[in-house]
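Shared between the two complexes below is chain A, which has chain B as its partner in the first and chain C in the second.
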Partner chain A sequence: MTTQTKPVERGFGGWVGFLVDSLVAIPGAYAHAFRRRPVRTVVLTVLVIFGLIYPVLNKEFFQPYNRLSNAFPLPFPEDAVVTFMMIFAIMAIGLNIVAGFAGLLDLGYVAFYAFGAYTAAFLASPHFGSVSIVLFSETIPGFPGIHLPFWMLVPIAMAVAAAFGALLGAPTLRLRGDYLAIVTLGFGEIVPVIFKNLASVTFDLGPIHLVNANLTGGNLGINPIDPPIFFGIRFGSSSGIAAVYLGMILLAGAIIIARNLERSRMGRAWMAIREDEIAAEMMGVNPVRTKLLAFALGASFAGVAGVFQASYQGLTTSDFFTFATSILVLIMIILGGIGNIWGVIVGAITLVFVDKTFLPYLGQRMAAINSDLPNPSQFNFLIFGVLLVIMMRFRPEGFIPSRQRAAELRHAPPGQAIGSAATMGDAAVAAENLADTIAASQEEEVLAEAAAVEEETAAADGTSETPPRGPEGQP
Partner chain B sequence: MTGPAGVAGDLRTGRLADDQVLVRARQVTKRFGGLIAVNSVDFDIPRGSIVSLIGPNGAGKTTFFNMITGAYTPTAGEIVFDGHPLVTQSGKKIRSKKPFEVTALGIGRTFQNIRLFGTMSALDNVRVGLHVHLKSHWWDAVLRSPSMRAEEQQSIVRGMELLDLVGLTDRADVWARNLPYGDQRRLEIARALATNPKLLLLDEPTAGMNSSETAEMTSFIRSLRSSLGLTVLLIEHDMRVVMGISERVTVLDYGEVIAEGTPEEVRASPRVVEAYLGRGAADT
Partner chain C sequence: MDQVIQTIIIGLSNGLIFALVALGYTLVYGIIELINFAHGDLFMLGSFIAFVLISLVFHINADTGLPMMIGVILVVIAITMLATATINASIERVAYRPLRNAPKLAPLISAIGMSFVLQNIALLIFGPANKSVDAILPPVNVLSSFGISTITISSEQVFVAIVTIPLLVGLTWFVSKTRQGKAMRATAQDPDTAGLMGVDVNRTIAITFLIGGALAGAAGVVQILYNNTTVWNLGFRFGLNSFTSAVLGGIGNLQGAVLGAMILGLINAFSDRYIAANWTNAIVFGVLIAILVFKPTGLLGQQLADRA
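Then we have the complex of A and B:
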């Protein structure tokens, strides 16, 4: 009566069957979305396809156009910018797990990005020249330094970042709101400073003797870092669109993992903690474990972003990891729609575009008119601030809001708050009326959001649930 | 009102054998600074019974309740639930089991002022209650392993059964905060039942309800006890509610037990009348 889904097959058959079912379900899910919201589905399809082929279009048409047309160039993001869109989108998804799902405000998220980047810098560069460890790498054996391949760096960086995420989480478990934010802020400041200052370490303990050892390269950072190489193809900053597509693949992986976590026992526990921590604990959710897991798993996404950044650019320095970057990622998820994976991706892409393509472009155009005009790139955070204020005024739930966030910001106080009043006589009736009103207006948004997500969901992770909450819903 | 099979006769604290008692609290005391909220309370909950803890506002009912669920650690005393000590003492340090551990042992509760997860669907609220009984790890979730998907499916089926039990089947997709007040109360009970409790603690389940809703709720509680074999502890400050449903009533005033017995006995007790209505009323 409750579900029409068939029982899950166990063992190896279960894995294969799931993959096959998921792939088979994609056309059906797409057709369903198309029937329900045709315009939306078509627009989204076009956008996604455009995004996927953008690097090629850019190389073949847009950049040649800009080179030829000195009169009126257009702000087409270059490959490096698109790659950074992917890097920041991965970070936004990770921060969304901590801040969006579990409701833990993290102002020091950049620290985990730094851990990822330095993992790549330590394990795939000639930096530690006194040793030579070359594993599964295209680097010539015997070459100084440690050289691990990219596919090994990613899980290592995830583990390192997750471990430090848990380490940050542990002392902050009792903190909430402002206090938590301040501790994470401190952590985000400390980590880059440590990386900056470990340029000359003298250390003598047991078997370890270091004299003026340069661990992190200080201000200069570490370079060159090996680019990602698969099957002999390099995916570094000089490889153009190849690197963009590697970024897209990493982002797709991040989306799938985040979506799977969201729709799981742990995802529900995170949301329960966010909604009411005491009630969640009383219902059997272990708050310590749940919050630590949110910190650790959220941090691991930044670890991946960091590895990719360092490998892609071939260098990393502590200057990359400033408080401004933490804030930038936070603005991305707030603008995009905190709590919604698709929203935060849109937020990340938009902000990187504005920061790295649109403002420099605007600066060039303005300079062409009058060279005394200020360069808008210098005011990027001022502009983001204004953007944030405008968004908070007109669309506080973000570009693509999560259902929860939209309801909190758009509607009158919850029926629950009214219901808990001591004078329940009239209030019960009032609450009921209010609830009906809210339900009616929400249905619209829920459908809208579901349709938005559906098409991309099907494409991205091939879910077997035909309508987005199908088996959980009514028969 | 007769008790269920196996529980009969004198249900008062201290009169039952160990195996007939689900919760045994002895000399439980809770101090907040200089205030003694609960003072050396002995309290037994017989298996399969519906017992009530009543008292005027501020009598220490909820404090006592919170010590059973692990939200507060008692200053002194011991509480044993179904053979598991909930309060342990090592040296001078008293430690109480954490609320989620207590929940896993089999105590489910509702809240006086409803505390649902407002922006989660009714079904997901219940599925949070199932959390302790789900085994999949985060890596199962990442990979959507067959066992994780099977478990999720079962949790949906079980969640729908529980919603059916409280009559909210057609509200499964509605957010908890958008439900009418009475439905929210029912959903809280469904969520508590999802933890698969042996003991259900209800903190003023009829607060804010009119008399017909109250009657409906009390008969619902009674049917739960008989169909699920639950033991129920009710907290109320409205004496009329507990009279029709309880097999035993304990009255707390200023943190101490002032009366215990059948509803009729308690109602007749001069100390209870005094606590509720004042000394003058008791004298007349």
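Then we have the complex of A and C:
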């Protein structure tokens, strides 16, 4: 005899009742979610609502029918701007893994964006016209060049970017803080220079003969690049809304992966390394593996963003990948709240909006008043620079902070701040500090581990006294 | 052979300008462990201030008499050094001092912000195009009076050396012999202990920024009289070259910064001449990464190596 419950048989009235019950239950569930995780709920709600009503709001669709918007033109982001919001949100999530979770300041993140973009440019364009490789692509066979479909480019670009991420990570493992930042900056400057200069390569080694081969298109870059095509529908810059939705899908994937990484064993290891590398290593976290994975996985997000940028715009040149772009992504995560995925998404969307829609709009309005006024969109980095200084001074944890990160940024760990007498060997204080900051998180496992280490170090000191509490308690 | 010697001369002249800027990086890093990202842009502002003074205020050109020109150049150098020193100390007061007790990366990010601010101020005032001054120094080959014509040492290169070398010597004297220099060295070693010994740490750090800023201003004047042109984003690449010099010599080490700057100047000149100018930046960054990864203490060493 089976214990299987018999499916409820509902008549029409029953179905209506079920539907009403479900609808009634939604506000309660929503309110519960809002109480538990207010930021996440609000950001997700706004994103979903925006996604649903976007086609209606869409400027081209909306404007001809709307006298009001013609009389008072508001700054409304165009399809291309919304697509770039998605691209930069994906990058912000990736940089957040490196800089936010693992605490490794990467000032050359744009290099991985470039690797993604050039992956698409090499593998889905007529650039290498001497060969003809068409795989699963909806391009006519016999068309020159290599043409791989978008769904295949994404994992390839992730792998390429991750490999270069590990390559950058490997020699920098011994460095910390500002030296690491400078090495990554150098890497971020070298990569675009290489892409720019490999326009005429002469190379003769064994079976490979190249005479003045144009590998990267030089200053002009590579175009046209195939747009993403799914089931015969193009998702390029000429297809407007379709590309926005492809971007949203990619962003959703990025969010899911990053959330899972954050809550995984590796995510906790990243945060432990960020808080105190020595203490984390004593607890059994392998710093080499942990940092390399942070670099590689963080880079893979930029790889996806790069593929999407190149396929969407249909071109890529080395001029896209400047230090300013790296810093723009850094400002996004600092503004939004470093360490908090939802915060950095909001930061990315806000900053792209300000940069690409609001400042040009402001410029138009100002020019209408007086044509001699300077154009604010030309001085966007003046505004962003001031923003960075002000944020560091008054709100280093960002507008939507991660609680854990906020605690760290407000109190420098021992040995790092000028004026702190503690040395790196002061493990008891370090472990105490680690426990303090982790207490803000809800990860019981980490808490238990930290507490264990605290006991161990206290025992190793041969004293039962409570170690001095936090950085302020030091002599 | 002549060509090699000529390249060395160009490299050493560039290296002297790098040295002035590199000293600013190394002084500041030595004392508060901050990579002052805005320092290269301060140098750029210095060259713009000199541009304004030379071509808009004093209107000197190649026809100006020599005694008059020397006087004006000295005044320009003095005003520019004063201006950039003030700007640098103000930046320290506004953007770095409040972050003295924050994690190490907070002032670095603040410095990146200041760098963009300075660049965009120059862009706002002077526009995106290069600004040039007349070549006011006489176009002569100094070596021709010794009967050598295949190698050129221009009057600009002599000028670079005349301005730079006394400043380098003066700085070394200041840091090693004066009371204030001793306070700087003490603060660099251990700010807390220095404070306990009666050193006013905030004042010492402010003076360090003043000196670094003044040197960057002098470098700005020298650069605009040597290359006759400046542009708003000059500071980024120039600053990174200078920072690389400081790291190469051993950051925090004054003689090291000068040695590093000479080597970097030579690397730049040889790369421009014998490889290709468009690879020079990549080569400089490659050198920087290689030093930081394999020998973070630099050539002449530094006491802060273990913190790097």
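Rule of thumb we're sticking to: the second predicted complex is superposed on the first by the 340 of 475 C-alpha atoms of A that agree within 3 Å, B and C clash if a C-alpha of one lies under 4 Å from a C-alpha of the other, contacts with A are read in each partner's own complex, and residues count from 1 in each chain.
Here, a contact is a pair of C-beta atoms (placed from the backbone, for glycine too) under 8 Å apart; a residue touches a chain by one contact, two chains touch by 3 or more.
In this text the structure is predicted, and so the values were computed from the model without any measurement.
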{"item": "First, second, both or neither for A:Leu175, with chain B first and chain C second", "value": "second"}
{"item": "Partner chain in contact with A:Trp15 - chain B first, chain C second, else both or neither", "value": "first"}
{"item": "Partner, of chain C and chain B, that touches more residues belonging to chain A", "value": "B"}
{"item": "Touching partner for A:Gly232 - first (chain B), second (chain C), both, neither", "value": "neither"}
{"item": "Partner chain in contact with A:Ala279 - chain B first, chain C second, else both or neither", "value": "first"}
{"item": "Partner chain(s) touched by A:Arg393 [first = chain B, second = chain C, both, neither]", "value": "second"}
{"item": "Contacts of A:Ile194 with chain B and chain C, given as first, second, both or neither", "value": "second"}
{"item": "Footprint overlap on chain A, comparing chain B with chain C", "value": "408, 416, 419-421"}
{"item": "Complex interface listing, chain A residues touching chain C", "value": "105, 107, 171-172, 174-179, 181-183, 185-187, 189-190, 193-194, 196-197, 323-324, 327, 330, 334, 374, 378-379, 381-382, 384-389, 392-393, 396, 408-409, 412-413, 416-421"}
{"item": "Residue ranges of chain C touching chain A (in the complex, touch as defined)", "value": "32-35, 94-95, 98-110, 112-117, 119-121, 123-124, 191-192, 236, 240, 243, 247, 276, 278-279, 281-282, 285-286, 288-289, 292-293, 296, 308"}
{"item": "Residue ranges of chain A in contact with chain B within the complex", "value": "1-3, 5, 7-11, 14-15, 18, 257, 260-261, 263-269, 271-272, 275-276, 278-287, 293, 297, 403-404, 407-408, 414-416, 419-422, 424-425, 427-428, 431-432, 435, 438-439, 442, 469, 471-474"}
{"item": "Interfacial residue positions of chain B with respect to chain A in the complex", "value": "69, 71, 98-100, 103-104, 109, 111, 113-121, 123-124, 127-129, 131-132, 134, 136, 138, 140-153, 155-157, 160-161, 170, 172-182, 184, 191-192, 194-195, 207-210"}
